[in-house]
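Everything on this sheet refers to the single structure shown next.
Naming follows writing order (A, B and C), and every chain is counted from residue 1.
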Amino acid sequence: MDITINKQMVQKNEKEQDFTPVFKINNLNLWYGQDHALKDIKFDIPEKQVTAIIGPSGCGKSTFIKTLNRMVEMVPIVRMSGEIVYREKNIFNPKYGVEELRTQVGMVFQKPNPFPKSIYENVAYGPRIHGIKNKKVLDEVVEKSLRGAAIWDEVKDRLHENAYGLSGGQQQRLCIARCLAIEPDVILMDEPTSALDPISTLKVEELVQELKKDYSIVIVTHNMQQAARISDRTAFFLNGEVVEYTDTSTLFSNPSDKRTEDYITGRFG
Amino acid sequence: MSRDKTNQKSIRSMIQENKSSRSQSAVMEKVVPKIFLICAIISIFTTIGIVFTLLTETFTFFNRISIVEFFTNTRWFPFTSDENADFGIIALIMGTLTVTAIAMVVAIPIGLAAAIYLSEYASAKTRKVIKPILEVLAGIPTIVYGFFALTFVTPLLDKIIPGGISIFNALSPGIVVGIMIIPMIASLSEDAMNAVPNSMREGALALGATRFEVAMKVVLPAALSGVIASFVLGISRAIGETMIVTIAGGSRPTADINVTESIQTMTAYIVQVSQGDTGYGTTIYYSIYAVGMTLFVFTLIMNLLAQFISRKFREEY
Amino acid sequence: MPLINKESVKKRMGTRLAANGVAKFLFILATCFSLLVLGVLIYRILSEGLPYLSLDFITNFASRMPERAGIWAALLGTIWVMAVTAPVSFILGVGTAIYLEEYAKKNAFTKFVQINISNLAGVPSIVFGLLGLTIFVRLLGLGSSVLAGGLTMSLLILPVIVVASQEAIRTVPREIREASFGMGATKWQTIRRIVFPAALPGILTGTILALSRAVGETAPLLVLGALAYVAFVPENIFSQFTVLPIQLYNWTSRPQEEFHMIAASGIIILLIILLIMNSIAVLIRNKFHKRF
C-alpha cells in the first residue's frame, strides 16, 4: 500500500518541484587523513520526506550521514570544508553547539545499541539529559515514544527489565523510540536494518513510513529495494561523489547517469 | 492524536526552555576534565614525592657518612656509639640478594613448570580449578607467609638439615618468598605462552612432535621474552619483600653469607629502625632513607628491565 | 637410499614418548606443589589458631597475657584506615582512569602518566611507608594517625585501581557512547550516565581486590610508626592506631609459643576478612561478566 502512496506523493513533488529543504549541503569535502572521502557534495534534503542514500560499500554514504549531526568528528583525523546549512544555520559554525544540533537531528545506528539499562531508562535518557525530571512527564514521553516506534505492546509489561533481553529487531525499534523521545526534527538512519531479520526489517520499514508524517528522515541503505520501497528521494553515491540525486521513482525507472543504471541493475556494487 | 500534538509541542519546547541551564552544564564540561587531570597528576606527584624524599634525606645521610664508605664497607653496625658505627650497605645488599637468589631457585622452576602445565597440558576444566587456587595463594598477606616461615618451614628445615639451622636464617624466608612468587611467575608466563598462536603448535604436532617437544622447542622459545620478563618482575618482588624476611630472616647483617645463619635484608633493616626508639634527625634515622633509596633503585632497574625485555623482544605473530 | 631412516625414527619414538610422560608428570608435580603448600599452610594455621578463637578474642584488647589477648583495637584500626583509604583511592583511581581513557589526548604527557603508573605499581610497599613518614607524618604534621596511614595506603593501591578501572572503562562499547552523543548528550553526561555505570562492576571488583591487598599490608604502616601495642580504639582520623597485620607481627615476633598460637587465631580472622572481600569481588565479576 505504501508504495502506491509513495508514487502519488512523488508525482506531486515532481509537479511542484520545489520543497522546503531541511538541510542544504554546499560543496562539502571531507578527508580521513589523506583519504578524500567526500567530494564536493551539493544537494538539498527535503522536510518531512524520506531521503535514501544508496551506493556500494566504501562510497562515503555512512560518512555523509554522520556529517549531518557531526558524529563524524569523533574520528580524530577527520578534516572538512564546505558548509551544511540546517534550518538557516551553518552547523560548522563554532557558535552552534554539537549538542544542540544533535538534539534536533537524532540518529539511529547500524547495529542496535541500547544502553545497558532498563527499557524505560533507555527511552527516558534523552529527556533526562535535557533537563526533564518530572516523573509524570517522563512516563508520558516513554509511552508515547514506544507507541511511536510500534513496540509499546511488546514491552509495556516489562518496562523495567534490561533492554538487552529484547530481540535484535525489538532493540532497534527501542533505539528508534529512544530517538523519538526528545522529538527531533530530523532522524538520520544509518543502515538501520542491516543487522535485522526480514520480519524485523519489514516492521522498521513500515515504521519509517509512519514517522515521516512528523519527521524528516535520511536513511542510508545498502539495499536498493528498500530504498525504492520507502524513500521519496534518493541520492546515489559513488567514490565519495553524488552521481545522481532525484526523486526515487525517477532514479530507479529512468536514471540519467550510466553509472547509476549499472548499479541499480546490479552490474556492480 | 490531538493530545499527542500538544504534548509534542511541550517536550520540544521544554527542552528548548531548559537550554538556559546549559550554561551551567557548560561550566561542568570545562571543570570536570580539570578535576580528573588533577587526579592523574597526583600519581605523578607520588613518584616525585618518593624520589624527592628519598633523595633529600639520603643527601643528609651522605653529609655524615661518606658515600664511598657506604658502598665499599662490608660491615653494617649502626647501633653503637657514633664513632664505632659502620654503615656499609654491602652487608644488607648481600642479605637481600641471598634471599632473592634462594627465592628464585624455588620460584622459577616451579612457576615455569606450572605455567607450561596450565598452558600446554591442562584441560580447560583443570585450569578453571587451579587458576583460582593460584590466585588465592597470590592474595595471602605476606605477614601470614612470614608466620608460616618462622613456625613451620624453619623447624622443618632444622629437622632435615644435618647440624640444624638457627631460628633466624636466610634459607627459610628465601624458600617462602619463592613460594609467594610462584603464582606471579606462573600466571605471567602462562599469559605469554597463551599468546603463542595455536597454528604454531598444530604445525609441530602435525609433524609428530610430542607435547613436551612442542612446549620446549616451539612455545617456550616463542614466548621467551614474556617468560623472562616474569622472572625479572619476580626478582623485583623478592628484593622488595619485607615481612617474611623481617620475621624469619633475623637482624644480623653480614656480607659473609651462610644460609643457615641469621642475616638482614635492606627491607628488614628499615622495619627494625622504625620499630625502635630512634630519634628524628639521628644518623640512623637518615640511614633508612639511604637504604630505601638503594632498594628503590634496585627494584626500579628490575621493573624497567622487565618492561624493556617484553617491549624490545615482543614477538610478532 | 631414503633420507630418513624409518627404523631409527621408530626406535627413538619410545624415548621421546617416555620423555614426554616424565615431563608431564614433573609439570603436574610442580603445579601440585603450590596446592600442597596452600593446604599445609591452612592446616597449620587452623590447628594452631582454632583453639584460641572465641568471641572474647575478637572483643578483647591486646594483653601481656596470651589467654586474655584480643584483636579489638587492631580490627577497628584496620576498619578506620580502610574508611580513609577506600574513598580516597577510589576517587583518585577512578578519576585518573577516566582522565586517561576519556579525556587525555594521545601525547607525551599521557604516555608519561601511563608509564609512571605502571612503575609505581612495582615500587616496594615499604618505600611507600618512607614516603608517608616524610610527607604525611612529618611534613604535614599528621603524626602516626589513621589519616596518615589511610592516605599512604591510598597511594600504595592507587596504581592497581587505576589499571583495573581503565580496563573496565575500555570494555564499554563505542556504540553506546555514540548513541548517547547522538542524542545531544555532552561528554560529561555520557561519562556520568552511561560509561561510568556500565564500567562500575569492573571498577568495583578491582577496587575491592586492591583494598583487600591493603588490609593485609604491614610494612608501610610499620614504617609510618603505627603502634604495635594498643589498648584503645581510634576515636577519629587523627587518633593513633594499630592494624590487624601489625598486631599479628607483634605476636609472631615474640618468642613464647602461646603468642604464636594467638597470632594464628588472628590470621584466621584476617583470612576470613580477605575471603569475604574476595568473594564479593568475584560475585560482582561473575554477575556482570560479559554483558556487551
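Keep in mind that, in the parts below, a residue touches a chain if its C-beta (ideal position, glycine included) is under 8 Å from a C-beta of that chain, and two chains touch if they have at least 3 such contacts.
Just so it is clear, the structure is predicted and the values come from calculations on it, not from any experiment.
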| item | value |
| --- | --- |
| Innermost chain, where centres are averages of C-alpha coordinates | C |
| Pair of chains whose C-beta contact count is the highest in the structure | B-C |
| Chain A and chain B, separation of their C-alpha mean positions in angstrom | 54 |
| Rounded Å distance, chain A centre to chain C centre (Cα mean) | 49 |
| Whole-Å gap between the CA centroids of chain B and chain C | 12 |
| Set of chain A residues in contact with two or more other chains | 99-100, 103, 130, 182 |
| Chain C: positions in contact with at least two other chains | 186, 189 |
| Residues of chain C touching chain B in the complex | 16-17, 19-20, 23-24, 26-31, 33-35, 37-38, 40-41, 44-45, 48, 91-93, 95-96, 98-100, 102-104, 112-113, 116-120, 122-131, 133-135, 138, 155, 158-159, 162, 186-189, 209, 212-213, 215-219, 222-225, 228, 245, 248-249, 252-253, 260, 263-264, 267, 270-271, 274, 278 |
| Residue ranges of chain C touching chain A (in the complex, touch as defined) | 173, 175-176, 178-186, 189, 193-194, 197-198, 291-292 |
| Chain C-touching residues of chain B, taken from the complex the two chains share | 25, 28-29, 32-33, 35-44, 46-47, 49-50, 53-54, 57, 109-110, 113-114, 116-118, 121-122, 130, 133-134, 136-137, 139-144, 146-148, 150-152, 179, 182-183, 186, 210-213, 215, 233, 236, 239-243, 246-247, 267, 270-271, 274-275, 280, 288-289, 292, 295-296, 299-300, 302-304, 307 |
| Residues on chain A engaged by chain C in the complex (per definition of touch) | 69, 71, 74, 98-103, 106-107, 109, 111, 113-117, 125-126, 128-130, 164, 175, 178-179, 182 |
| Contact set on chain A toward chain B in their complex | 99-100, 103, 127, 130-132, 137, 140-141, 144, 181-183, 214 |
